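Below: one structure in C-alpha cells.
Lettered A, B and C in written order, each chain numbered from 1.
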Amino acid sequence: MTTALLSVSDLAVTYRTQAGLVAAVDGVNLEVPAGAMLGLVGESGCGKTTLARALMGVLPGNARVSRGRIVLDGTDLQALSAAKRRALLWRDISFVPQSSMNSLDPVYRMRTQMREVLCGRGDLSRGAADTRAADLFQAVGLNPVRLNDFPHQFSGGMRQRAAIALALALHPKLVIADEPVTALDVIVQRQVLDMLRRLGEDMNLTAIFVTHDIAVVAYLCTVTAVMYAGRIVEYGPTADVLARPAHPYTMGLMNAFPDLEGPTQDLAPIEGSPPDLHTPPTGCRFAARCPFVQPVCTTTYPAPTDVAPDHWAACHRVGEAETLRAQATEAATWQS
Amino acid sequence: MDGGSTIVLPAKRRGLRTALRRYFADPYAVVGCVIYVVFIVLGILAGWLAQYDPTEILFTDDGQLAASLPPSAAHWLGTTNLGRDIFSQLVMGIRPSLFVGITAAVGVSALGTAVGVLAGYFGGVVDTLLMRLTDVVLGLPFLPFVIVLAALLGPSLQNVVFSVVILLWPNAARIIRAQLLTLMQRQFIEAARVTGASHSRIILVHILPNILPLSLLYGSISVGWAILTQASVSFLGFGDQDTISWGFMLQDAYASQALSQAQYNWFVPPGLCIVFVVAAGFFLSRGYENLIFPKLKQ
Amino acid sequence: MAELIAAANLTKHYPTSRTTRQMLRGERPVVRAVDGIDLVIQRGESVGLVGESGSGKTTVGRLLLKLTEASGGTLNFDGAAVSGLSGDSLRRFRQQAQLVFQNPFDSVNPRFTIRRAVAEPLINTGVPRAERDGRIAEAMRLVHLGDFHRYADKHPSELSGGQLQRVVLARALVGRPSFLVADEPVSMLDVSVRAGILNLMRELRDRLGLTALYISHDLTLVRYVCERTLVMYLGRIVEDGPTSEVISRPAHPYTQALIKAVPRPRTDQSREDLPISGGLANAVSPPSGCRLRDRCPYAFARCAQEVPALLEVAPGHRAACHLTSPANAAAA
C-alpha cells in the first residue's frame, strides 16, 4: 500500500447530552492512502458524519475528541492549537456538504465567494483568483460565465458542482464530502459522479465520501470503510469489500441493497436496530443483530483481522467468512 | 370505561404534565404566575381589604376634610386631595384592571386564532380577504383610535376591552397564520385528510393543539397592552369617571398636581401596580416560548 | 380484470406568482405539473410511477387521491367521477383510497399515541368504538407489529423510522382500502430497514390484492414491488410497460438514460457517459413538441413540432417517442 495521507488511530468523539455522555465515534482506526477515494459507508446514527467533522476539527459545541490521534501528512492535528487547526481548513482539508443550498451564501455572486476563498484564505491576487475560479468552474463542468450568477440561479446539480469547485480551490490535500450527491436526481447525480471520478483521476485527489449508498461507493470509490455504531467494522479495496465482504454487517447491507439487475427475490433486511450508544454493549456492537453470533461475540470486541491484502474486518468469525457469505445470501438467515 | 377514552386519557394527562413542567422551567414564568395569583387574590378580597368606599369623601373626627393626609394606621397610603382613601382605591382598582386585561386577552387570542387559522387553512380568497383586513387594522393608530371609540361609544370598561381586541387581534392572526402554513406542510395534516377527517375535525383535533401555545402567548402579551391602554385612556381623561381604576388614580393625581406637592404615596403605588401586572403578562409569555420553541433553551 | 382507476387527459396547472407586467398584460403563467396524462390502473395491479423531482409524479398521486383538484381532464375511481365526490360519497372514497407518506416521522401527529394514530381512519369513517381495537390489532398484525401492546401507548418519537413507517402502513390499511398510493415510502429509511418495508409491500400486494401506485424516483425500488411501471418526464408519461420490459428494453431515450444513470452496488459496472445531458427543463415554459428534445441526442425536426403520442412498441409496452412510433419505424 502507498503511504497513508491521513491516518486515524483509536479516535473517539464524545457528545455531552442530557442523558449523559455518548461516544458517537468510539475507537476508529482508519487510513486514507494518498490519491485514494475512500467511501465511508454507514447507516444513520453510525457516527460517520461525526467522524468527518472530527477530521475537519469542526465539531459542535457539546462534542469533543476524547482520545486518539489524527495525523494528516505527518502532522498530528490533535496537537495543534485551535487557531492553527482552523488555518488548515480549506487549505489542507476542505469540505463539500450535502446541501450546497446552505453552504453557498445566497447574497453573493459565485465570483465573490470564490475570491473570498482564493484571496482570503489562499493569498491570491484578484486577477489570479478570477483566472483560477474560471479554471475550477471549467473543471467541474460549469461555464465560467456563470461565476457572475447568484447561487439561487443554479440548479441543484450546478450548485453541487459549484460547492465542489469551492472545495478544490486551494488544492487541498484532503477533500471530505458528506453525502455530496444524495439530494440529487439520478441523472444529475450520475453526471456529478462522473465529474468527480474524472477530477479524481486528473488531480490525483484524495477524498473521503461519507454516504449511506453502497452503489455510489461502488461507482466512485477505490477504498471502502464500513462503519457501524461508532466503529469501522470493515475496510479494504472497494472491489474486494463488495465482492467478498468479511463482516456480517457488510454482508447484510449488500443483501439488503436493491439492485436494478438480477432476480427480484425478497431482499433480506437486517432485523433490529443499532445499539443505544449511551450504554454500548461490551463485545461486538453488531452481535445483537448478527445471525452468526457466538458467545464470544457478546463479551469481547473482535480485533481487526486481515482477510486479504489491505482488507480487514473486525469479526470473530472472519476465518469462516466464505461460509458465512453463502449463508448470508439466504433471506431466511436474517429472520430472527 | 370504554376503549376510546382509556386510550386518550393517559396520553393527555402526561402531555399536560410535561407541558406544565416545561412551562414552569422558566423562572420568569413562575414570577409572572406568582404576581398574577397575588393580584387575583387581592382583587377577590378587595371588598374586605378596602376599609373605605374608594369614592367616599372622608372627614376627620374634627369635621375637617381629610385631604392629602400622609400614610398612617387609619389610611395606609394616605388620602387624596379630595379626602379619598388611596389604599382602598388601589385594591378596588385591581378589579377593573384585571377585568380589562383578562377579557381583552381572551378576546385577542380567540379572534386572532380564528382569523389566523381560517386564513391559513383555507387559503385562497379567504386568506387574501382576511389578511388585507389585517393589514388595514394594523395601519390604525392605536391610542387615537381607542380614544375616538371611547368618545363615540361611551367611556365604559367594556368599550376599552372592545377597542383593544379590535386593534390587537391582527398581530396574533398574522403570526398564527404563519405558524399554520408551516403546520399545513406537515404530512400528518395531509394524512388526516386522506383518512377522511372533516375540515372542522382537522382544525380542532390536529391543528388547534399545535397552535394553542402561540395563542396563549399572544393572550398574555395582550393582558399588558389592555391594562396599559385602559390606564392611558383613563389618564388622558377619556375613561369612565365612575370606575376607580389605576389609570383613573394616576389621572386624578396628575390633575391635582400631586407630583409637585411630592405626594408620592398617591401616584407611585398605582404606577407600580401597572408595571407589575404588565410585566407579569410578558413574563408569563416567556414560559409559552419554552413550550413552542423548546430548543431555544439548550 | 376491471378498471379501478381511469384517467383521461388529466391535467394540473399550478398558478405561479405574476410580475406586475404579466398582471397588466393579463398573462397567467402556470406550472404544468401534470400536463394531460392518460392512465388506467386495473384492480389488483401494482403500478410504479417513476420520475425525477419536478416530473409531476407526486402531483399525480395527489390528484388520484383528490387531495388537489384537477385543472382539466377526467378521473374515474371505481366507475364514478372523482371530481363529483362530496359528503358521504367523498367519505367512502377516503376510506377506499389511502396514502403512505415519504417521511414517517412527519406523517403521524406527534401528540397522538400509536393506537390513537391508527384509530384515526376508523373514527373518521364512523366505525363503532367496540370494533376499533380489533381492527387496529388486525392492521398491526398485517404490518408485522403483532405484539402491538408494546407500541400502542407510545408516541411517534419513541419509535424507529422503520417501525413508524409500519405504523403509517397500518393506519392506511386499517380502513380496509382498495387503493393505496405510496409516495417514496422508503426513501427516508436506512438500507437495512428499507428492505423490510419493500418486502412488506410485496407481501401486502399478494395477500390483500391491493391496487397500488408506488411513486418513486428510484427504478430499483419500484422493481421489487410493481409489475408495471410508468415513467414520467415534465408532466407527461413517456413510457409505460411491464417493469422487467421497461428495465431490460427501455424504449424512450429518457428511460434509457434513467436506467443507465443508476449506479450499481458492484465495482464492475458501465461508467460510459449518459446519452442525455443537462437537467430538467422549466415546467412554466417547457419545450414545444417532445419535452426531452433539447436534451435528447436523437432529436430531429419532428420532435419540436409534434407532441409524440404514447404508442405501443411491444404488447403492453408503450412509449411516447417519434423514433419508435410506427410511422418512423416504417420509414426507417
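By definition in this document, a residue touches a chain if its C-beta (ideal position, glycine included) is under 8 Å from a C-beta of that chain, and two chains touch if they have at least 3 such contacts.
Just so we're clear, the structure is a prediction, and the values are computed from it rather than from any experiment.
Distances between chain centres, each the mean of the C-alpha atoms, put B farthest from chain C.
Here C is the chain whose Cα centre lies closest to the centre of all protein Cα atoms. Work out the mean CA point of chain B and of chain C, and you get 50 Å between them. Chain A and chain B have Cα centroids lying 55 Å from one another.
Each chain gets one centre point, the mean of its Cα atoms, and the points for chain A and chain C are 32 Å apart. Taken together, the chain A residues at the contact with chain C in this complex read 43-44, 155-158, 185-191, 193-194, 197, 212-216, 218-220, 238-239, 242-243, 252-261, 264, 266-271, 273. On the side of chain B, the complex with chain C involves touching residues 2-4, 7-8, 10-11, 15, 186-188, 190-198, 201, 206, 209-210.
Those residues of chain C lying in contact with chain A across their complex are 52-53, 160, 162, 190-196, 198-199, 202, 217-221, 223-224, 247, 257-269, 271, 273-274, 276-277, 279-280.
Note for the complex: chain C touches chain B at residues 65, 67, 90-91, 94-95, 97-99, 101-103, 106-113, 115-116, 119-121, 124-125, 129-130, 132-133, 152-153, 155, 168, 171-172, 175.
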